[in-house]
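Paired with chain B in one complex and with chain C in the other, chain A is shared by the two complexes that follow.
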Partner chain A sequence: MESIANPLYFFSNLSLNPPSCSNVVRFIDVLEFFFVAHPMSGRKEGEEHRRVLYFHPKGEQFERQTEITGFAEAVVNFTENFLSTSRRETSVKLNENDDGFDFRTVSTQRTEHVYIRTEDDQFILGVSISKQLSLVSDYPLFQPAIRSILSDAYKMFRMFFGSFSSFLRTIPDDIPKFKERLDFFYSKYIPLLKVHKMPLLDHLGGVEFLRMSGPLYLNVVSLITELREEFPIIEKILFLYQDKLLYYQLSKRDLPSLFRYLTHNLLPTTLAPELEHSGRNASKGRYLRGPTDLTTDAPLLGDEALSVVHLHSEQESEDQMELIGYQMMVYRCLNATVCMFVRNTGEASRRSSESSQSSSTRSSPPQNGVVSRRLLRNIDHFLETELALVASKIGDEVGDEKFPDATDFHYIYFNPSSLSMTSSLSTSPSLSVAASGSGSTSKVPLPPVDVNRLVCDTMSNFVSETEEFGECFVKSSSDWWIVIKKVNSRLLVLILPPSSYTSSLADVQSKTATIVKSHFEAIFFS
Partner chain B sequence: MLELGAQFIPFEPDRSAHDGNITRNFFDCSSQRICTMRNNGALGLTSKSLQNDKITNVRTKDRGEPSTVKFSSDGRLCAMQRTPNTADIIFLEKTENSLCLELTVSTKSKEPLLAVEWVTNNQLLLVNNHSAELLYINEDKKSSKVIKTTNVNAAWAIYYAPCQLLLIANGQSCSNLQPLVVAHSQFTRMKNFEVDFGGSISKENFLEKDAAIATIYGKVYVMVFRYSNRSATMLDLYELPFDATTVPSFKHSLILGFNGGCGIHVIDNLVIVHHQSSQKSLIFDIRVSSPSKSHSPLVTTTIEPHPQHQPPPAVYTNFWFTFLPEVVIDSSGGVMYSLRLKNEKAQLEIAEKHTMLEFLARRKNEKKLFVSTLLSCLRARALSLRQIRKVFAMLSGAGKAEKSENPSENGTASATKAVMSCEKYASLTVTQQEMQSSVLIPLRFIMSSFSRTSASWNFLNFKFQEDLSLPESYVANVMLQYLRSLFDAEITPEAYLIEMVVETLAEAGEMSKLQQIVTYRVINDSKPLAFLLLSYEARCATLFQSGVDILARNKASDEIVEVMLEKKQIVDAFRFIDVRNLNDALIPKVVEAANHHCSRQTRYAIKEHLTEKKAKGIFFLNFKKFSSLYKSIGDDLYTEAEIQEANVEQSNCTLFEI
Partner chain C sequence: MDVEVPGGSEAVGGGTDTGSESSFKVSQVEIEDVEENLKNAEAIFEHLEQLPFQVFILSEFGKPIFVNNDRNEGEVVSLAALICAFVSRCQSWGDSLMTMTSQDNHIQFLHKSPLIFCVVSKYPEQLDQQLEVLFEQICSILSKSQLESVYKKKGDNYDLRKLLRGTDRLIDSSISSWRASPINLVDSSISAIPMNPSDREFLSTTMATSLGAAKLDGALFGIMIAKRQIAAIVRFKKYIIHPRDLNILINLVSDTTLQTDSQNWVPICLPRFNDTGFFYAYISYPWCNKEQDVPACLVLLSVKRDHFDGLKEVRQQIVSKLENNSKFFVNFSQAVKAPNLYQISQIGSNSESLWSFLYLNHSSRQVCMSASKIPLITRPERWTARCEMRRSSSLSTQHPHLRTLFVRGTKHCLFVWVTDLFSLYCIFGPFVTATIAFQIVEKLLKSLKSHEQRYFIINTTSF
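Now for the complex of A and B:
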């Protein structure tokens, strides 16, 4: 256990209960079951249960587990026959483009099932949401969102442990190990997972960027460039301020998962000690995780070892699924966080030797990573002054910036090509409240569940995923207006509360034009 | 790095011939003239200077051997001290029997004179132990008049002509210095200060020869040799303030590292100390950052004679006399030389490239050399990006720093009046155009010379056969650093620079970086830039978005319509025209595009839309034109065969109904 304890510290400090009035729901409250199956392992008669690699809830009977996974497999295989070749081609194409997965959905009276197939259709991940429970929890069911949640769960595991198939490529008796890892990860991940009452946010899965003036942004860019020049060993880099992204140099495919992990898990846990120690040495940067004592040259072992994450190689064109292990260093100073990734050579050698012999190294922690205390010390030395300088400049500018006047509407903005997403229905409540104290900038109440549902329905029924342009106005029975605009593949969803100014469609159109003009001026939304 | 005698002037060396003829030479620091007197002027008085070719040649009465000879700056008058207590004014342009007229002056107290100096062309300063007197010399009447007298207590005095500054030493061991500004016929006392000259039993008094005054980087310093028994000699620099209320303060200490005879020069804001016995010259630059006030020599070098002197003269001889700022007099050879810095050798002498570049940037009139050196450093990748940033910040920010410095200077001036002025130091500024044409564009050429080995670049004279592995990303980063320096200095970058940055980033394949930079609007909006970004769409889809955004921000609606049509977004183009109430002239284009690309249903819808618009009378377009347009979309909606088929079908239906 000690070997894998390392990357998973992140699930520790978070409170289990979301605030009652919040706009998130615990996933477990609506979940019926969740599983990971490997159909190939259950081919033999009588050994069907072997295909179940992980099942939630754990108490479920073996027979039922087998039944559910078998059903899923059957659905997948059966519907395969009806997929026209053209559809299959597009699905393949989709795979290449945005790491999407082949999926099936089954809707029953009581439940909503989603299955995805991963890694050359070897594995099936399935989830079932209870319609009854979701009604109780005010959670609108939106099938694409569930699909995204499921894919995210897979990607998160993959980020920390590598692909599923890398476990099976080794000798068969590694399956218990694999199961152990799955159990270890998902039995913490699932109970702590929170989903948004506006499922669209989970579905889009973007990252939030910090608004900043160009000249200052150039400071960030040049700091990162200088850092990379000085330490060419650093291959990928991520720069955050508070809980917002500023700059990244890594594959876009990894960005959402990594961002989510950092803002939802890693950074909130570090906030408390930071608040405690505020005052003394405030501008001194430090590493989150990893060794605290940098003065010695002792090897990094055990608790002090750096976590390893598996990321895509940056060249999008070459070898699509290739995942490479990287040691992650997280350095933080005055609200600015720099994540640096160094290729894990231990990992690489393991991969190269993988084909020839079994890899027992997986069980041992990556002690032979290239990151040493010396390197950490040098980077610390380099960042110490410069990062503090840049961070305080950013702090000045962000602090100076007046909080946008409380808006009288809700909005979701998403740009699929840059993955930039902002929303008045805050996506990371745990940090933004604590960090900026801004809370919600909207003075209107959160939209009721039926409006949220209507937004989702409108999205799936009236807005084409492939079209780059589109426009749609919907009025809910409770007099809320929903405006969906899609311009140049950017998506803007406005949710306008009932008011006397929005009685007619023309009113709403002019209101939309005003909002676009005042809040999204720099962006082309005709 | 030091060259002797690019400028030189020969004179007749001192000699005492057996025939009784005596030749003596004097150097006047203030006017920088060397004066040769033969037989105390009876056989002639010749004065020459390196700065101008005017040679004065006169004869005076032989009234004894002078101890000092001083010329007024216009060269019409000469003050000569032949006795300890009096000074003689020689009217060089008034002669009688081919001998110059003279006038003898002295201080009121008739005490021995410590200094005789010309303050202006007709004001003479006389200093004795107890007073300093300013005399007005009337050349026409050949008379003198005391203008101003002030009481001082002087052991010795030196005068610094560029600032009209008189420095008087007094006190026990003469280490208390009293600066006085002699300007506007007034004496202005500044704060006195104490210097540490390393006094000891063996060396009780601070001597005149151990002090000098010079202007370095726009500040006036008193330089003082500090001797010590234990360690080597130091040269301490005390900064004199411009006003009369601030106390001069100790600012820098130059570590000489030797003992023994030496000479000082201050050339182009550098302090150069020559050491005779080791035949070395130390060059100090007080701007080179140092953790403490102590400075080690930046360069240790040896003076080399200019090749025009054949055979080359001996250097560092016993016959050498050095005078500030740059004069070397070889008394045996009878030549006055100027010393010159050869900055082009700095590359060889200063190993650390960053220091070397900063050094060059601070030199006068070396912009060309600096720029070419910068380019070669960048080509060799000899600088880290952080150092590049600092160099650029110095270039771009220099003007701004100057500006911010001046108001504060004026601010203090209003409170405490400046009584002294000196030559201002102007730091190097390299404009954007210069930077582009002589650094960034050549870098791009080098970068791209791999892919484009076009002969047309040969005019730039680059040695292409050198190691050319200059990665595009490096060039792009250099440009970004430059861009940053401009932003930091609040200078608006030119559109051309921005385009070059964008292009270089694209060539470097740093699409992700480019996209983020564009998204954050690091680069200013311009239409050409928008089109440039649009052209990169194939390589990075997001840049297309950004390009359209820029067009939208520039209110370039027509172009947006064009772009939409290009992307076959015909309906949206139409909608856009409607929303923005754009010029109707665009509509034919849209219709044409619709005819080419749209399905029949869409074309029908467009036709209907146009009909509706027409009905509402929105069109201002001339009707004839519109009707032809209308026809063009309506006409080929159906082919003849289809219409016929439809007719047949319709008749069949009616038949069936019947």
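Now for the complex of A and C:
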């Protein structure tokens, strides 16, 4: 159907049904419907169905698709009636700020709907979760998390294909093409999507950093600096070790999506071949995408073309919505992955992204982007030795690091300014399980669904997003304790299982102090 | 172990607590003053912006019945049509619409055939309960059976406003009482006027014996109400009255148009008691507008339409017996005029860091709220405190397994304790430690227990 160079080719199907004890749920197991609509296209009477650009499940009747999207549009307009003037202004601001989408939710006896509006309110994305199914799957419904999941779905599409409106801008009849793209993307994205049984994780949406010593970090930074000095054409860069982030030089707005794609989709697919050939050429770096043969100078076409991603330009404040196409090079060596982004010049970003996706028969190679085999070859030469050196140092340190004994509690740590997040309840993509072996596994049982729900509701009710400090202790009748601490905007959630040491509030306070001291002192001063 | 108090000067204030308390005596009942400050158009506009609850009541055929905001007729009609369309669309999906939210508005829907209720609010907590209360409020005027049959008889386009004429202010005051309620549960609970146990005893016995002696078959309840609180309640044999129904009565008697020294005979349906029939309420304010000006209201409920004269007689007896006991009457007038609410300083040492509390007894459904004290004095301050309590009560309703909650904020701390017997919501100063908070709460519970008969109605006397 599509060229193999499409990034989505790598949306791997590694995932089977997660076992019931898992801390994730397949989104599709609780999903009732998902849609993308363009209300403007359905304005004419009798042509209302044209506003539906994508609808899941595919088999749904046209009439019902039209009804559901029409309902969403009506909800958006109806609620508009109750915005006071001051609120109207803030909602305008929200639209400018790309990441805070204007949203609506609807709750019925059987379902929970969330709608977001994107790109100057031209498009509505909607999702509905079945209350019954989420009950069966032990998935606590937390509306802000569903909102984040929906926004992430939009951002991921935008990263690979550019903004929705770019499809409508060029030729008026581009809608079929747009629909095809949406279908292509979401038909793979939705079935593979997994969500956390602790919805707060999806809501916060951070990335996991690798903890490392200062000198080692300096090594990484100097490697990257040298790399950029040597190849000034590289504009943005991301450095991972296993599935953890070490360093990044790109907009924070793109980081979560990109990180997620790399750790959940791209890297796991490369793991299998690596394990097979372990031993042979183990320290030899290679590109995960693009050509395998770097010795020739043939143009990069078809299978060998690099994928293009749309990222925010560096000057966030000035060009709010400016998305620029970048060619992505992913180089991997000894568990270390360097992602390099080169501006895709020449054509309008979307055009070129298209050309690299569909194995086009362009006549002039330069139009396929600026990355050539020569450049790849040169970077390979540079990284081959340097990266191997740094990677093995990191490997030594990570290997040496004695993980504290398995914890007797669950935790979520999140720092909004760096987006750093770590949690005992997050999914470890198969990568880390295989690569790092132990990890900081927790020996306590997963919290019951009631407790997870209580964590979310306590957060949304009593931990103000604007306040930088706060503290919250909650006890449930099943004797689980929840501790939420916010210091300097950094958030720590502890979930303590029933135990004789934590019977009173005072006990829990001292236990909390101990935990912070032993596990979070470096990142959490209090 | 001393409690940390914010700043030195504050500590001095804590020492002279009782002094400042009396100079800042604030009634916690403030339905009357909601409408204040509407001096000019700008203020009215501002007031509307801040209206915490915009309510729409319509028939399921889309005809508006009641709105509490000043949108123009056309706008109301089109909004009502939309509300109706949303509700019926969901119904056609075999589902029912509950809520919608946007950035910071929460819209709750309730479909109780033949009516649709909708409220728009900035506060999401328990709007569903509030709409139920409104439904019952309307039932109390028409009764549920009459409500159900009226559209069948008069057709889908019937304008129910004809039947509800003049009762808008009851719905209005019910809505404003939401604002005053620190927790929504207040609608499902009552609070008692603090009184000397012996005085309350005398009041109940007097009411019960007078009603009993009259031997009116069908007179079931006698209630003394003041400042939206209950002073005494007596009942015939084992009949009981639900707090929700009591609140409908309270709402009715708080209507200022009734408050004259004349007597009123009002048919009223108490839906929790029986939603198909009517009570007849003999309502009088025996000491209103006289030189005493005691704002107490005596309500006698009978199921018989022809009991007016009989109950009038009973009222005379009760009033004269009460007035004849001059010691009682002085105390009673005092208790009703300026209710002697629970003062936190009663707990004793360390109580300065406790700012406000609300106690709900689960079995009797009675609440006790502390008198306002520094620093929760001004309207916004008290409103903030109420919101915290409202939010935590809503959290504990959503999560029945919640037992303890301690929230340390930058401005205050919140402590919630829920057991099978009671729920307790406390606002503490920001520097209190959990340990200290817990100690104070234990003292508070002891104190409430020992003054139980003063702040709660323990036994309902029957006749």
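By definition in this document, the second predicted complex is superposed on the first by the 479 of 526 C-alpha atoms of A that agree within 3 Å, B and C clash if a C-alpha of one lies under 4 Å from a C-alpha of the other, contacts with A are read in each partner's own complex, and residues count from 1 in each chain.
Definition applied: a residue touches a chain if its C-beta (ideal position, glycine included) is under 8 Å from a C-beta of that chain, and two chains touch if they have at least 3 such contacts.
Because the structure is a prediction, the values reported are computed rather than measured.
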First (chain B), second (chain C), both or neither touched by A:Asn488: first
Touched partner set for A:Thr292, first chain B, second chain C, both or neither: neither
First, second, both or neither for A:Phe469, with chain B first and chain C second: both
Contacts of A:Ser222 with chain B and chain C, given as first, second, both or neither: first
Broader residue contact with chain A after superposition on the shared chain, chain B or chain C: C
Chain B versus chain C as contact partner of A:Gln249, first or second or both or neither: first
Partner chain(s) touched by A:Glu230 [first = chain B, second = chain C, both, neither]: first
Set intersection of chain A contacts, chain C complex versus chain B complex: 469, 471
Complex contact set, residues of chain B against chain A: 384-386, 389, 477, 480-481, 483-484, 487-488, 512-513, 515-517, 519-523, 541-542, 544-545, 548-549, 551-553, 560, 567, 569, 571-572, 575-576, 579-580
Of chain C, residues touching chain A in the complex: 49, 54, 79, 82, 85-86, 89-90, 93-105, 107, 120, 391-392, 394-395, 398-410, 414, 433-435, 438
For the chain A and chain B complex, residues of the former touching the latter: 209, 212-215, 217-219, 221-222, 225-226, 229-230, 247-249, 252, 415, 417-418, 420, 468-469, 471, 488-490, 521-524, 526
Complex contacts: residues of chain A adjacent to chain C: 67, 71, 74-75, 78-87, 90-91, 94, 102-111, 143, 450, 453-454, 457-458, 461-462, 464, 467, 469-478, 504-506, 509
